Amino acid sequence: MRFEGEKATDIRIAYIGGGSKGWAWGLMSDLAAEPKLSGTVKLYDIDYQAAANNAAIGNRLNGREDVSARWTYEAAGSLQAALTGADFVIISILPGTFAEMESDVHLPEEYGIYQTVGDTVGPGGLMRALRTIPMYVEIAEGIERFAPDAWVINFTNPMTLCVRTLYEVFPKIKAIGCCHEVFGTQNLLVDMLKDLKGLEGIARRDIQVNVLGINHFTWIDQASCRGMDLIPLYREFAEKYGEIGFEREPGRWAESPFRSANRIHFDLFKRYHVIAAAGDRHLAEFMPGTWYLKDPETIRSWKIGITPVSLRVQKGENLLRRSERLTNGEEEFPLKKTGEDTVSILKALVGLESLVTNVNMPNAGQIGGIPAGAVVETNASFRADSVRPVQAGELSPDIHALVLRHVMNQETVLRAALTRDKRLALAAFLNDPLVTIAPGEAEALFHRMLNHTRAYLPGWEL
Amino acid sequence: MRFEGEKATDIRIAYIGGGSKGWAWGLMSDLAAEPKLSGTVKLYDIDYQAAANNAAIGNRLNGREDVSARWTYEAAGSLQAALTGADFVIISILPGTFAEMESDVHLPEEYGIYQTVGDTVGPGGLMRALRTIPMYVEIAEGIERFAPDAWVINFTNPMTLCVRTLYEVFPKIKAIGCCHEVFGTQNLLVDMLKDLKGLEGIARRDIQVNVLGINHFTWIDQASCRGMDLIPLYREFAEKYGEIGFEREPGRWAESPFRSANRIHFDLFKRYHVIAAAGDRHLAEFMPGTWYLKDPETIRSWKIGITPVSLRVQKGENLLRRSERLTNGEEEFPLKKTGEDTVSILKALVGLESLVTNVNMPNAGQIGGIPAGAVVETNASFRADSVRPVQAGELSPDIHALVLRHVMNQETVLRAALTRDKRLALAAFLNDPLVTIAPGEAEALFHRMLNHTRAYLPGWEL
Amino acid sequence: MRFEGEKATDIRIAYIGGGSKGWAWGLMSDLAAEPKLSGTVKLYDIDYQAAANNAAIGNRLNGREDVSARWTYEAAGSLQAALTGADFVIISILPGTFAEMESDVHLPEEYGIYQTVGDTVGPGGLMRALRTIPMYVEIAEGIERFAPDAWVINFTNPMTLCVRTLYEVFPKIKAIGCCHEVFGTQNLLVDMLKDLKGLEGIARRDIQVNVLGINHFTWIDQASCRGMDLIPLYREFAEKYGEIGFEREPGRWAESPFRSANRIHFDLFKRYHVIAAAGDRHLAEFMPGTWYLKDPETIRSWKIGITPVSLRVQKGENLLRRSERLTNGEEEFPLKKTGEDTVSILKALVGLESLVTNVNMPNAGQIGGIPAGAVVETNASFRADSVRPVQAGELSPDIHALVLRHVMNQETVLRAALTRDKRLALAAFLNDPLVTIAPGEAEALFHRMLNHTRAYLPGWEL
Amino acid sequence: MRFEGEKATDIRIAYIGGGSKGWAWGLMSDLAAEPKLSGTVKLYDIDYQAAANNAAIGNRLNGREDVSARWTYEAAGSLQAALTGADFVIISILPGTFAEMESDVHLPEEYGIYQTVGDTVGPGGLMRALRTIPMYVEIAEGIERFAPDAWVINFTNPMTLCVRTLYEVFPKIKAIGCCHEVFGTQNLLVDMLKDLKGLEGIARRDIQVNVLGINHFTWIDQASCRGMDLIPLYREFAEKYGEIGFEREPGRWAESPFRSANRIHFDLFKRYHVIAAAGDRHLAEFMPGTWYLKDPETIRSWKIGITPVSLRVQKGENLLRRSERLTNGEEEFPLKKTGEDTVSILKALVGLESLVTNVNMPNAGQIGGIPAGAVVETNASFRADSVRPVQAGELSPDIHALVLRHVMNQETVLRAALTRDKRLALAAFLNDPLVTIAPGEAEALFHRMLNHTRAYLPGWEL
């Protein structure tokens, strides 16, 4: 990387999971729109052809009139090849296949345990973590050897344990985890200002929030816009829409299992007086199974839906076909900003701007009462070659109790995965809030699920 | 207090709850057997007559041949009168009456929530805490005013929150909480050595243990006797008796709801590889309601029973009659050592001996990963005018998760009680592991229980 | 305070020390230049006439063409009158008179102890602290009673102990301490870029720095400008100018005892490999007396001078005459930006912008290894109604040792002042790095100095 | 090791520095007197012949009537041979020769820096640490490989850095550091009770003390004997003997440079109101050079002397001749208890008794405000296979400041030694309280001293 005037050029990015059809394309779009950055992206994927296709798609952008920056895309044949020389490492992988995800999300349903997403906590999140952690051990070792000074940006779930594993293996890594769920809550506050106050034209970034918690179970205890305290307004908002829910486009939640009507947001506010800052589908999975996900009827009453893996399979097939069309030029790549902060973060880290936004990093005091080293989500100050968490304070004890339960469970899962300890993994499984069934049954479910993901558990005694 | 040769005389003890028929009599017995201590015990009780009767019973001991020490007992007319001039304050009260206890223990049964004791955690423990904390606020304020330098020994449950409240109100208090549950586990290890190794004549104090956790949910991760590591032996013991249970006198558990066959001890060891160090009846209440207390049948299968409050009422009536007989001399007071450490602790604190035993105190680092100030149970070194916790290390993350959940809940209950915050109390209630029912039902139960204990909740908006 | 469109109006500022002829005039200038803020400043001073004069000077600005904002200035008759209703409290006082300052700075010279400023540490800083702390106790109590929600900005020295006292007395205070010394070092880096790289037009705020330490003994371990790492450049800079010194206008140090040639900056960098971030005159006082301040000759060799109190007296007299001319309109108040961040901070706190800059606040983890609660200087994120420290990491152990010595000394001074404990104050005095003389002599000096400031030590046994 | 009835037999001890003529002989004496322990001691020394001689001396004890236990002594040819199979590792080495010690202690005198011992802190202690740390790195690596479960007891100085290095290299080591200086202060309190109260027959162990600080700069803030508070008595004692000093046998300090009259003890108490708990010769070296060690006259006025290395050389020669006589049987080995706790500690660790005594271990919270991991001295509870520090509380800020300065300096020295960083070593050197000379001179001294010890600094750039 070097500076030419106000521009940073020759930036080298290693993209692990570079065959991805969602995140990779989004990054291409965002990079294409940013005139101050240029360089090379090395795409690495265990599916080499997918990476090669994405390289072709990316390179096709150069020369287009609506593209503001020149980036070269290359498929890398190995992790080492991708990492060597990298200034930045972006990680966005699918740990395993839809087959394991099917087991993660839907097998527990046989036991009366329902999950809306199944990728973070709950039985599904735990299994996903067990197979993801060994992959992240390998990635972290690669970064330590081949790109120890690079900044690493993770997008993979389970976010907390992915970032946690990177630091556990290579403590000096410069890694962060980025997720847009808080942005969604900021956008909800924008909508609230329009709904309650008739304010138009407020942008997400105008909503200042203090963020504290863990990924997908993050909380906002201070929010303002142009000096206006948004907490009392939110109380009013939650009263108004608590029962019926609020959506920008009403009724959408019933059409798409990726949407919600924010009823769980409102219910949690009523109970805890602090704003939960992730989508309802994620939040529901962190609370006891008896609350929001008791059975399909209860789930529907909260105006959310289970995201079936079959839908993901179908979407995946569509994307595959689209990828082919984009690769061979049948379809033109559509430029569209993602709304992610990735490019802003790159600009800040190279020294082009400074930024305060939320991020997942090991706790070094940014949240009081959470063990040091546990990965938490708070704001951080981004500047040239530095990401420094902003002190977020402490959660009130009632919410702290809920968050800490997951923090400790995640520590248990980490240790179980690193030491291949089935007993420890089971202990974490039984302690998950969604697991409200009797221990005997839960144990049976655990063993079946673990067996389904065994291909990704080398060295385990199963 | 002063020394005469090797004896400490003129010791002044204030006994709060001095009308008690169990603990007070036990203390009289233990004091009577200790030739090196003498002085005055001021008995204070909201039931003055009960204290006066106990004074009469205590004073009747003087002159008996089998009594080794002279103690004067006085009923005190006020907290101030009891505390003024005290070297030691002993607190052993019943917070409320059997009527509230009936609600605490049995009302949840209507909702499918069963409790074996109901005095520590669970719905019953929480309600008991809410009414006890204001009493301990008053006691702590009294100690700050009238006996700020006295050593305070608490025996009341919920132990953790009683001790926590004392320190919250008067941070410089010299208070400890004593409970014999760990002794019970030491005795179980004595029995184990006899059963597995044929060793006779081992005393409880020969069993060295490292204690860490919170009261009634304490753990032993290191245990030895004469250099022998007891952990592997306990593994063998748990295997041998896991299914059938172990009792010194087999079958007793079925006759008395105060007993158990240690099956939960063994099950927890199998799951966590560390020895739980409280009775099964207490341990069961700290785990999810689906585990050991799911329904009466499950409870019985674990060879424990629910302690019905009616039994306590009946025992209370028997004790009342006996108290009358003892007071008027119809019956002679039977001297019998309790097995508690109280007198050893008194001797250590006045400087007559030194002692290492377990105790409940605010965490100042004796357990890693538990918030500072939370009351924990570990060993401590007792010496003249000092009780200093011994560093116990850190629990493994799976157990830590279980303990921390209760720690945070207790912090929430404390704050709810101090600020009279019903919302916060409900949040703690819903987060208790025994509360596995749907939140709507749980909320209904909460309000009914709270209403039953309202006489002890001055200033609350109910 | 309220918003009107993009402007915050009706802001109420209490200015304690409002008779000041330096800081108060600077604030008037800066406020006059900011169109987005308006309101009222209540000036409180123990010299009421000085406050009244300043009110007259401030109000005279309204109506001038070169003034962008309307502010009303009022002299307040009491602390209560000033504080009541305040949104902001600004504190900038002179603790005591030039007579005490004369003793602080120059009496130690009789004992071979030289001080360049004498207001922060060293014998003079310690005495100043002892008399300032009781004043800040009173101010903190006033804020707790009359303006508990106001943001408090302190400019008085000794900065650390002023802010520390505010939090000690009123722990929920929202107070920060602001000092421009770091800005001076940023400006030095601007000059360096011009000198070494020929770069023009860089502004102070373009220099991103990580700040960590305590006021006037702060360090920068990461510095960049447009992505350029400034640490290696600074090494080159320190080599180039280590012997001869560097000034924007060479030779100025010899003309003014408020200036330096940065030789101590360079020497400290050579020794510790980290950039010291305060002026040489301050830095010198934190190091052992044998280093930079051994005797007048040594001091001169480092191209700094002692600031004689007589010069301050003379400046004070000039300012007094000028104040009279400004008050009665003989002289027009000259508008001139101070370069302080005060107005930016006000704008951020009301919600008009967001800002990351350095500030003095109690340590809550922003610097590792410094006791919690000790006031430290790091960056913080300023937003609507919030100042949240940015995590600065940890100093290397060699520098940490130097900083921690002062931190502990300051804690000792605080406790000495709060408990009026002469013995403790002497212990801190003897442990100051400038006190390299024999303890007997040092003790004699201590008692003479303490006696000179006795008028400000009510309740002490002297 | 195994138990036979109440005895532990077949204990295997590795003695590193086993050719020692002081400590090794003391251990032989103490082991010979303890009937409950027996086994093998493998003596390892870089001077193999010395170890072989000691083995002969030790084995000669077997069969003597006044010997209560059978121990076999063997000279080991390598560190590996000594460590393999060890239950205990005892380390007591002389790091370097008298030549380096001569430079450590006496070269600084040329620069006006006087040291009474020169083995812990000060210029001499620092140099000794720099050459000892690499030796301890090697020992720690050996223990990790060959005896990872052994308990390690260190006697070598500089104690703090020896123990610190062991844990730095092998964090799971079970190591403690033992020093008898606190015992000396307990004995002084025994003498005090006789002098002031006429009490006879008090034993050292009857004096209960709370110990907190770092080795040779440890403090006692609570002391009692049979319930009597010794702090007020010590105040009286310090008043009575502050000027003239106190010795069990008056005047001995003038005859032996290993003795003192406790005047520094008394002076420190007067200044800090807490009892310093090491000999005056050690304490003096932790305070500024201007205090007790300014010049030979000042030193003498405090009734201590510098221990000349020539005296050690002469003593060494005497011991060598005596060793020969003992080896070949010309002289009979005199059994004499050392007063050390070593054998009690061995007995506790094998499970034969339990013990609370002072020990040097990494801080895990036993002292508040000292960084985690820094080696501190406090009481600990010794039991079977466990040494657990007792919480000692926190030093008052004035003493804390003094202790922390050395803690940070020692951390700097450790890092300098491990990374072979001359700059860092110099920074620590300049920050030592004894170094009160100008930095230029100090730097010259540093380089000369470092050069003298260069044979022990492999890999350094000198």
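Read from first to last, the chains carry the letters A, B, C and D; within each, the first residue is number 1.
In this text, a residue touches a chain if its C-beta (ideal position, glycine included) is under 8 Å from a C-beta of that chain, and two chains touch if they have at least 3 such contacts.
Since the structure is predicted, the reported quantities are computational estimates derived from the model, not experimental observations.
Chain pairs A-B and A-C differ in how many C-beta pairs they share in contact, with the greater number at A-C.
Legend: contact pairs of B-D compared by residue number with C-D, A-B or A-C; the interface matching in over half of them is A-C. Rounded to whole angstrom, the centroid-to-centroid distance between chain A and chain C, based on C-alpha atoms, equals 43 Å. Residues of chain A found to touch two or more other chains are absent. Taken together, the touching pairs link the chains into one ring where each has two partners.
The complete set of chain-chain contacts reads A-B, A-C, B-D, C-D.
Remark: chain A residues 1, 3, 6, 8, 208, 210, 222, 224-229, 350-352, 354, 356, 364-366, 368, 379-381, 383-386, 388-393 touch chain C in the complex. For chain A in complex with chain B, the residues that touch the partner chain are 271-273, 288, 290-291, 294, 369, 371, 397-398, 400-402, 404-405, 408-409, 411-412, 415, 423-424, 426-428, 430-431, 436-439.
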